[in-house]
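Presented sequentially are two complexes of chain A, the first with chain B as partner and the second with chain C.
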Partner chain A sequence: MLGSKGGVWGLAVSGLVLMAAANADGAFAKEKVKIAFVGPLTGSNSQHGIGGRNSAELAVKLKNADPATKYEYELVALDDECKPNVAVQVVTKIASDNSIVVAVPHYCSAAAIATVDIFHRFKLPMVIWAAVLPQITYAKKVPEIHRVSGTLIGQNRVGAQFMKERGYKTFVSFADSTDYGKSMNEYFTKFTNENKNEILGAFAVPPDQQDVSAELTRIKELNPQVIYFGGLTPLGTRVRTQMEKLGITAQLEGNSGIMGDAFISAVGPELAEGTLTFFDSPPLSKMPGGKFFSDNYTKAGYTQSPEAYGPFAFAATNLVMEEIERVGPNRAKITEALGKVKDRPSIIGPITFDDYGQNITPLTTKYVVQDGKWTIWEESEYATGKRKLKNLP
Partner chain B sequence: MTVTSMKGTAGQIVSSILVTALLVGSLVAVLEIEDQRALGICVAIIAGLSFLAPKLGILRGAEQAGAHHPWAVRLIILIGFCSLVLILKDNNFALLMIATILIYATVCLGITIQTGYAGLFNFAGAAFLGTGGYTAAMLANATWLPDIVTILLGGVIAAALGTVLILPVLRTRGHYAALTTLAFGVLFNGFLEANEMLGGPQGLKVPGIQIFGWDFSNDLVIGSLSFSFYANYVLLIGAIFALFMIFTRFIERSWIGIWLDAVRLDEIAVSVFGLRISVWKSFAFTAGNFLAGVMGAVYAKMTEFIAPANFTFGDSLLLVAIVLLGGIGNRWGVLVATMIVILLPEKLQFIQEYRLLLFACIIILLLMVRPAGLLARRVRVFEERH
Partner chain C sequence: MSSIAQYLLNGLMQGTIYGLVAIGFTIFFGVMNVIKFSHGDVLTFGAFGGLVAAWAATALGFPIWLELVFVVLISVMASAAIGAIIARGLVLPLKDAPPLNMLLMTMMVGTAIRECIRLFFPNGTNPQRFPELLPSGGFDLSGVYFRYDGLILIAAGIAFIFAVQWIINRTRLGLAIRAVAEDGETARTMGINFTLTVAIAFAIGSMTAGVAGALYGLYYSEINYSMGLILAIIGFSAAIIGGLGNIWGAIVGGYLFAGLQTAVVALLPALSDYKNVIALIVVVALIAWRPTGLLAERGSERV
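Our next item is the complex of A and B:
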């Protein structure tokens, strides 16, 4: 009885050992280099995280398919849940793993701001793919920190100017109460005031507040022409659907936080129709290599959309691999090389890092939802006058 | 000697050495092995050994050793702990995980006093953990205050905040008392998010620990050995954990523990015998919150960042889940369960977006196999003393 049991166990163990051995026999022709990706893979922002992860993974796959590369790349993807304590944990993990030479981290600004010091302490270079809070790069000069996504200053400048040109006069600001939302509100206020337009009221709610009807009821009383929204997709979705419930007809002006297919599929194409957004990249089809990205993304069989920041993750991953090819898989050398990146072509436009590691050449573009798709403003039926934005004076 | 000793002193000591070695060995193996297949094999072996240990009487032996030779067992555990730190000495991440496990285990010791002994369900554990953390963050500017005092104040403030809840908890019973704490936890989170002074939803930076010129954010150097800076935290947190473990044991084995058990089991009978239920419930509740507050302060100082997202209802639930998984009222069960609950989602990172799903399934399976928890608390045995 015992003997047969032992025999089964023995077989099982030897089987496992054999499997392990079989895995180890593939001799690698190229040196293996590991890159870490960090983003929200679970939780309410997971669509963006998974889109970014897929795009980064695609960049690695395409690079590995190229026989001319010196190294074979491996992407280690980790989940930060958009929570600062989890972000600290996973970044400590990758930073203290010496086989990882560079990281492409963070969708949420709250997670990114918590880990800046860890990247610096462990001297791990990184290129942020999505978080847009200005302080992440601009609070102090940290050589390891870089960011391909624009800060939220540019999009607000372009947005305020655009709204003025349309003739809108009265606004209400609705932002989440994180530093991200606060910054959005700050720059929205700054540029709107510069344009001599009036802000009737500003509202801030925590990003996970489910019911915003109290704030919206007040906004309905104020009766602005435009509601400016500074927050991420989950809250944006609630604001848009609850606006409808309360019969608020104001024009919705969004920002990069709601850019992406997730917003449209959450509120439905009818409610999304006419929503404006200002985002730091032209549509892929306009960019050199953009079609190459979207074709390969579909070909790779990913079922989820890359979302707005997928191309940024792709560009960031490509950028770090280009630098590794040039200077070798060494953290200090990569940090130095990234600091010198200037006018590097990518699918999100040329990348140039300033002294703070911030990409200063984002191509801020105006978008409007038309028939369930984010359409570039100049090409939309809204620009030709066939369709009209709400509350146009 | 008592008649209950099963295998004699030597057998008991050997058993406790084996159990300690198993714990330390599992931690080292799980934290050091990165290759998934090797890790899988390793976890299977650990599970097998953990399954075998009680069958061979090793667990019982270790338990007996703890009862009869407490100082010998403490020495063994100390040696095990030191060798753990020594093996992982420059592995930053592994030491961070060990520190996190010990923090959560200590907080769950507090909940064990509340739930396991006095029968009070606390669904606001994360709120008290957060209170300690925010206390540390708020006292960051008071540099004249030694960090030891800051940490203790974290506990004191958490305990003080808990007194707000004492009245409603005493006036309600069972599920209703649990609901009261749950509501408090949710309120606490809302308060943090709305409070600009406490950093709002974005959170705050917290400076690391400095005790008498010993800067915890520098690498620890002992003689010619250099340890990761997290080793500082592991040593401090390990010491606090040990202290509270002994404190909890003292409560359990003294008349206080007997009274708390009685309060949990039959309130009416106990009050007939003249015990003041309200006093003992308040005591257990406050003691548990103090533990959570102290560790909250240390946790915030270790991660150097604090935000409301760390202290949601989900986190409170996780603390209760650890106590349930470990076996309600068993101190050592708490440690084992914390190891599983903290390390498992981390080790499942490789399956990315599916990791929390699989984690939940594994916990459900574990509880189906062992419905009373991994190490169920034994019925109190009253021994004759000689």
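Our next item is the complex of A and C:
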């Protein structure tokens, strides 16, 4: 009864509940903002792509869990298969979707270099999470292009110096025939020559070539102390496996392309033992936010490894969300804000973009496989002399 | 000198795989005048069948020798079964259709097989690690490194080539296949079961793909859903160079193609990226020179 005491109380309570619900609704009705992630989610490099996707997704989940954020973020993950033609299609799709305000794209350089102009044409800002080809940022000044990972120049400079210090003199280069592999070979050649070492031969094969025994037979004939490999994990796996089949005992020197658990699990710990690589980041345990990242990654229940570039994907995604929080979900404003990023704290260390959008702070670190794990050179038994690299003079 | 021997040894392994694929093409063409472009994907199907068999054998705790036998057997049977199904369900009903339709149909079937593996096999888009079931290691002889698994696989591949040749030329089944290849109508009037013989011939042709798939997995320790594509192109080229319809021609073509690829890398290492392109250009030149192949098909002796 409306006139009764109970009825009045009932109405009052109902009113309060409705008001509270309306308020609560208002508090949670944040504007939804879409961020695109692009990487190889299928194909032979998908372990890296999925690790990157999971890491970017984790950054979004953690941000959305923070009640202080202004927006609710949604990650749109797309597969570029590490193929330039697929990457062009995928990026055109996200760039023409106005609800997507920023992108975190590309593991493979061959895919990344193909899409630079599309990001520019559609004025879609982006922060690359892994691809290391220098030309992506340095070929020309494109305001939309940024990269948290390093370039392959630093890796090759450090690598060449390191090999000289160990006393190695003769090398053979084995790279894939993509822009990435060509660039790897170019900088390997440049720095090896600067260190007055000798390159006995250079080989380039398509990244999907299965049989490399003919090339390796020629390399065996040349008898180098070191085989330098400039390519990605699938081809690197074949090179290492088939080196063994042909009885080649040269030291294998890799780069960021084979960095990650995928290489070791594909060739097995015995064959991977002693493989060297140079990568623009210390291990997770030594990163400023490494523990935070790995604890949350484990807690989120991902079964796949984040791989070497997962933390970079996390940092890139976090960075773009920070900029959206500051300037709003507007492509032009985000582009402008990203251009001014300097000494920004992140789990991979402070991020500073130069005039070309390139992060200039990565720390190139030397790694060697020891007992089935990538180990920092300085902490390995190889550095102490307990174990020895192959073909040491 | 030792390097030349090493190149030959590597080329021998590749040539054996190419030759096996080429034999399949030659049998299909010899029996039914069909260019079966799904052959490479049948190879992939066999290799994935072998991988599943390896997983099952490991789960069942088979000893390694039995696992090896099981893997090869399942690879061969899977390829043979799908080859026979394609023959019975598609090739025979379409035997009077224009050749272009048949070509298109086999391409579509191949695409369907490939896509099914990609979509429905667990992690089908990713390369799959094939178990190493043969003895590892090897020995060095005058600078040539002989790997035990390579030698076993080359011997097994060549033995299978001879077995197919023996079945076709020395058995009653082979006689029936050759009779059907020569003249299907006359073979029927002689009491040969045309439909069954064609299906068996396609199964035998597809078995060669199964063996090639198993060899490939065991040698490279990795298989992937698209591996049959390039192998089909090379196998078909090899069959054409040798003379489509002639088994020995297919084998010669297979080894010749592998030899061309190896020679490019050995002689012009800077052009190793172009080895397939150069080998295929030589194929075009050879076809222009001898359109019926190096070992031309003899009218009275098909397959």
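The rule is simple: the second predicted complex is superposed on the first by the 365 of 393 C-alpha atoms of A that agree within 3 Å, B and C clash if a C-alpha of one lies under 4 Å from a C-alpha of the other, contacts with A are read in each partner's own complex, and residues count from 1 in each chain.
The rule is short, and it goes like this: a contact is a pair of C-beta atoms (placed from the backbone, for glycine too) under 8 Å apart; a residue touches a chain by one contact, two chains touch by 3 or more.
All values reported here derive from a predicted model rather than from experimental measurement.
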So, after the overlay on chain A, do chain B and chain C clash or fit? They clash
Which holds for A:Ala110: it touches chain B only (first), chain C only (second), both, or neither? first
**Asked** Counting only touches as set out at the top, which of chain B and chain C does A:Lys141 meet: first, second, both, neither?
**Response** neither
Partner chain(s) touched by A:Glu221 [first = chain B, second = chain C, both, neither]: second
Is A:Thr178 touching the first partner chain B, the second partner chain C, both, or neither of them? first
Chosen between chain B and chain C, the partner touching more chain A residues is B
Looking at the overlay, does A:Pro206 come into contact with chain B only (first), chain C only (second), both, or neither? both
- Query: With the two structures laid over each other on chain A, which partner does A:Lys30 touch: chain B (first), chain C (second), both, or neither?
  - Reply: neither
Please work out whether A:Arg238 is in contact with chain B alone, chain C alone, both, or neither, and reply first, second, both or neither. second
Worksheet item: When the two structures are overlaid on chain A, which partner does A:Ser44 contact: first (chain B), second (chain C), both, or neither?
Response: second
Stretch of chain C hitting chain B after superposition, from 81-89, 99-107 or 189-197, is 99-107
Residues on chain A touched by both chain B and chain C 42, 46, 177, 206
The answer for chain C against chain A in the complex is residues 3, 6-7, 10-11, 13-14, 125-127, 129, 138, 140, 145, 147, 149-150, 220-222, 224, 227, 261-262, 265-266, 269-270, 272-273, 275
Given the complex, residues on chain B that touch chain A span 34-35, 37-38, 40-41, 44, 91-93, 96-97, 100, 190, 193-194, 200-203, 228, 303-310, 346, 349, 352-353, 355-356
Interface with chain B, chain A side, in the complex: residues 13, 16-17, 19-20, 23, 41-42, 46, 49-50, 53, 77-79, 82-85, 88-90, 92-93, 95-97, 109-110, 113-114, 117, 122, 176-180, 182, 206-207
In their shared complex, chain C is touched by residues of chain A numbered 42-44, 46-47, 177, 201-206, 210-211, 213-215, 217-218, 220-221, 234, 237-238, 241, 245-247, 266
